[in-house]
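Two complexes come next, and they have one chain in common, chain A, joined by chain B in the first and chain C in the second.
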Partner chain A sequence: MIFLDKILSIVSKDLKEWRRQPFLILIAIIPLIIISLFVGVFLKQAEILPAGIILVDDDPLAKELRDYMISMKSGTGVPWFEIENNSSATYVLSKFDSGDILGYIIIPYNLSSRLQSGEIVELEVHIHNINDDVTKNVLQRVELACNHINRNLEIGGVVYRSVSFDFNPSTPRDVTFTNYTIAAILALTVILSGSVNMVTATANEFEKATMKELIMGSSSSELLVGKLVTTLVQTAICFILILIFEFMFFQFIPQGNPLLLIFLFIWGVLCFSPIGFLFAARIKLVIPAAIAVLILSVTGWWIGGGLVPAEIWQGWLSILAMIWPGTYFFRSFITVIVTGEIELSLLVFDVIITGLYGIIIFLIATRVFLKEARS
Partner chain B sequence: MYVQIYAEFIKSVRFMFRNRILFVMALLPPIALSIIFIQAFNPTGEGFPLAIVNDDDDNVNNWTTKFIKILESHEGTIPYFNAIETDNESAITLFNQRQTFAILYIPSTFSKDISEGNVSVLMTAQINTIHEDISKNLRLGLEGRLYLFIQKYQLEETVRPGITIDPRLVYGQELRRIDYMVSGILVMAIMWFNLLIGGVLGTTEKDYNTWTEIIMADKGEKFSRVGKILATTVISFIMILLITILATLLYGSYFTDLFEILVFSGIFVCFSLTFSILGVSYGMITGDLRAVPAPTIIVTLTFWMVGGAINPLEFSAGSELFKLLPSAAAIRILTAIIFERGVQYLFESWIILLSWTVLSIFILGIFLVKKG
Partner chain C sequence: MVIIIEDLTQSYDGKRNAIDNLSLKIDQNQVFSFLGPNGSGKTTLINILCGLLKRNSGKVDVGGFDPEKEPNQIRKMVGLVPQETALYDYLTAKENLEFHARFYGVPRSNRNTRIDDALELAQLTDRANDRVNTFSGGMKRRLALVRALIHDPNILILDEPTLGVDVQSRNEIWNRINELKQDKTIILCTNYMDEADRLADQCAIIDHGKLIVLDRPENLKIKYAGGVLLEAQIAVSKDMQNQLYNQLYEKYTSIKITQLEIDDHYLVSLPANVEANQLLTEFSQTIQTFSDLSLINLNVRTPTLDDVFLELTGTKLRE
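Entry: the complex of A and B
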């Protein structure tokens, strides 16, 4: 009971201190809100390609092709092309010259009769190839339209067929960039707030020269558990605030079993707050240590799957992502909170990797902390 | 007046160069960010791993072989795929373990149906849609492979009608995306240096408790501000020079003639003035070095990304608004001058950039007049 009492008193003291210094709360929350706004407002893009189509006659197949290109949609429900109604050559060309559209397609004369005579008809696709990514995106969309015609061609009484894909997605709708990134920001909240809060809870004692009294009044385990519990509570408050923000601004609703999410939350804080502990013990000043973990956490977020899943990286970036334990935490947390489910073996693997990291850093941090606290 | 400004200028430059840690910290983020982003957008051609469950043992007329060959080929549009032929159970394991984001099921009658030519062949593709960018690449990437297959083996070899694409590129030579990003990286670096160094210099007087002496001197705050702005611009110039030399050594030079260098210098002057005024003013208001790095990172990255650094502005929503940003204007000018892309925006972008510079100088002028 004395053990618990001591922990509670450490926690209570730290939380009061935290409440009295709003700056400490702000440095844990503001970067996350700003990243959310930045991503959700400024990067809220789906690649809707502005393009034009020139129809030179009223051929029914040409119209079908045009209508298909206008109607084809991505897995998020967004049209692949943004095409205006006006398909006159003059209008489309002027839009292309001014750079308002990135490409235009000319559907040639007598499409049906030319196909009926056995011809392979070419569509002219003019592209503002500002870079090779624009070229690729235009071409792929037109290829999709060509496939639609080529695999279901009935012309002159002859039927030509080919392959169609039946895409079976892992989620009811493709997860948008915004939703994925919000989930990643929530995962970052766990890591960032966890480590920053640990920094503030610990480095504060050094800054105020109260560490010696604390060491004398409590055992190391009481102190360490106390700081961990403080961090858990503080991070939970930050997480809830960020979640409310995401819900209010982006209507983000977490999926998945709440107990699993709570487990992942606690696990994340336990595994990643020790790095804050280490920085606090070594630097002994709140702001420099907080900035250091902020930079580490945000960089780790980029590398570990903050904007896109890290599995798509290639080269040395993929090696870096593989080494960084945050990658595994992001993977599990994001998958659960966005899709509501995760493959058990993947979850177990990720939990073990992050757990090992947490234990190693915790042991190192404890050693450094006790040495610095007693010196 | 000039003596006081010059004294402040020298003091600020000396401060920066004596603080080697600050100097290095200022240099590191643009270098690190550029390396990370360039690597992220520079696919090495290894391809997306694609698990294939092939149930077609007959392989009539080798259609299945041809199809898989197309899936694995490096022709046509990226992404390329790295085909992993395996059984259903292993494919599902790979999929669940995220070692592949897609499983393609080739049905048992695939080659027979293709041979007949008038039978639709439905191929199931299980795809991981955890991120729209991945699912887009999978959906369109697989359709791209299918397009190649139809074009090469059905339209051309089998002599059946169909439609294909005749691409006409405005710019003869294709520009790699990572090369395109160079403009954005240079602009980001200029912004970062001016905001960070300006912010740091702006905080020095309050941080080092010399603020009282500054304001007690006749027009001290005014001259201090101007001197710091000039120092920020010069120090930023030196840093940009270092970055450019490093980039040239690593990647070769993107500037091919004196005119391009002059234009870049012009952009630097305009941009530098705008952001050094902002950085120094922010530093002088907060008076706390600790409040400088985080907002600097956020403002720099925001202006950088929405300014068309990774892809042309037209590709994203809000381009009509974002083109008014100084970063967007600077990126467009550089892209036009170095890579001859988007030349139609040159005039408009110069107007926007110069407007920001004039506005910044005007606001500084109002402040200086008010104070003195």
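Entry: the complex of A and C
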């Protein structure tokens, strides 16, 4: 009972202090909002392909094709092509050569009459292959525009039902990517807010010289459990705030079993916040320790598959991703949020790996903490 | 509540001893003062008594318990007022006391009464719901003192309890300490000798981790600074210097002569266990024999613990 009362008194005290120092809340949230905004804006911009269309004549069907391309939008309402107004060949080619546009499409002459006569007309598409993703996107989008023209094509009173590759424009590929990234940001919230909150709750005691009182008044287990519970509550509040932000800006709603998500959240905080404990005990100052864990968390997030799945890394980055326990936590957390489910064996494996990491860091952090707190 | 320290040694890096073979006994219901220059080992000793630090060797017994092995018992019987006050600035005075009371296991049934009494004792009842970061240094010190008392410990350890407070607050804190020693053992670590002089029943002067002396303040003053202290500022020509030195040192073995920054000016300190008038007459007769000597200033006073402290620990700066 006394054990519980001490833990609750630590939690209650810490939360009061936290609430009254908005700065402490902001350093656990602002980096996440900045990353969200950056990634959100970057992703939206990445979906727009600057391209040019060369019209060799004033054929009405060619103009219709061009206008359709201009009007094409992704499921999130972002235009797919940013098309230059000037359709002259000289202008478009110079823009392509200078790299201002990533590709261009030449709509051939007499498009209407040639299609009417049954001729198979080819569109010429030129792309700067900066990566396969861009090339694939351009081709998919041109294909979709051509489908639009081919659909109900009438030649000599005969309406042709052409076979066409038709992907559903209401679920374009960027939605999944956005979902992945937002899920990754929520995973980052768990480890970043968790460790930063642990830093502020602990380093604050060193900074204000109150640690001696705490150590004297409680056993190390009471103190550590109290700080962990405080961190858990603070991180849950940060997580909810970030979730609200993601919903407001990206209409994002997490998938999956809420209980499984809650379990992964608690597990993530318990396993990854002790690193904040370690830094707080060593550095003993809120700001430097918070910056250190912030950098560590974001780097770990990037390596562990925060921006792109960790499987794509090559060489030493791949090895780093493999040995970094965060990779396994991100894999489970992101998979559950994006797809709503996860293989049990995969979940168990990831939970064990992150748990082992958490235990090791916790033991080291406790040892360092007790040594530093008593010195 | 007796505290016994036997052959205590503590070193931080294995080379320098912060505490060096220290042995002493502190009786109950008294104010026991530890005096020592910065870095003398006072804080290390407090940390060991509170169970915050594991000792290297020696025996420590606080009220029958070993702080290292029985920290739960020590928590109940010891209240600590650290040098830094260590209050939570963003909590109110009442919240600070509530946290401490809960943390130190004060039963819920009398928690509020204890908090109200503590606020009254600190004369902070009207500021109970104000955040501590709006308090003056003196108010913080008073609050820190009553906070350490909230779980009714038998031993109270005060580390520089009046550091940085105004005269009124210091006086108030001293009165409280004097009241508290009726039923508590108080360990006072201070750099203010007048504080120890006024409050302490026993004074231990420690330096480099060693116990230099342990006695009642009045005994220390007689023993190490004489019953009276004569201080004279004199001016004497360079030719007469040696003669003056020889004659004075020959007559008074405990005399100290310090050259001042002003040319040919000296400060003579003479502790003695005689009546003030007798010392004054004798000294006047002695210096009258020097024709070129001018007496700038002459003062006879009762020595203080400052004099004892400087006598025993020297005047060299430690930091």
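Here is the rule we go by: the second predicted complex is superposed on the first by the 244 of 375 C-alpha atoms of A that agree within 3 Å, B and C clash if a C-alpha of one lies under 4 Å from a C-alpha of the other, contacts with A are read in each partner's own complex, and residues count from 1 in each chain.
One rule holds for everything that comes next: a residue touches a chain if its C-beta (ideal position, glycine included) is under 8 Å from a C-beta of that chain, and two chains touch if they have at least 3 such contacts.
All values reported here derive from a predicted model rather than from experimental measurement.
Contacts of A:31 after superposition on the shared chain: chain B is touched, whereas chain C is not.
Once chain A of one complex is fitted onto chain A of the other, the partner contacts of A:56 are absent, as it touches neither chain B nor chain C. Of the two partner chains placed by the overlay, only chain B lies in contact with A:314; chain C stays clear of it. Within the superposed three-chain model, A:120 lies in touch with chain B and out of touch with chain C [touch as defined at top]. In the superposition on chain A, A:218 contacts chain C only, with no contact to chain B. When the two structures are aligned on the shared chain, A:209 is found in touch with chain C, with no touch to chain B. By the document's definition of touching, neither partner reaches A:351: not chain B, not chain C. For chain A, the partner touching the most residues, choosing from chain B and chain C, is B.
Of the two partner chains placed around the shared chain by superposition, chain C is the only one that A:13 touches, whereas chain B remains out of contact. Once chain A of one complex is fitted onto chain A of the other, the partner contacts of A:151 are limited to chain B, with no touch recorded for chain C.
Residues of chain C that touch chain A in their complex: 12, 47, 50-54, 71-72, 75, 78, 80, 82, 84-91, 95, 99-100, 102-105, 131. For chain A in complex with chain B, the residues that touch the partner chain are 27, 30-31, 34-35, 38, 42-50, 65, 74-76, 97-102, 111, 114-137, 139-144, 146-147, 149-153, 155, 158-171, 173-177, 180, 287-288, 291, 294, 299, 302-303, 308-309, 311-317, 331, 334-335, 338-339, 343, 345-346. Put simply, chain B touches chain A in their complex at residues 32, 36, 39-40, 42-44, 46, 48, 67, 77-78, 96-99, 101, 113-114, 117-136, 139-144, 146-147, 149-150, 154-156, 159-171, 174-177, 179-180, 290, 293-294, 298, 301-302, 305-306, 311-312, 314-318, 322, 335, 341-342, 344-345.
The part of chain A that touches chain C in the complex is made up of residues 2, 5-6, 8-10, 12-13, 16-17, 20-21, 208-210, 212-219, 374-375.
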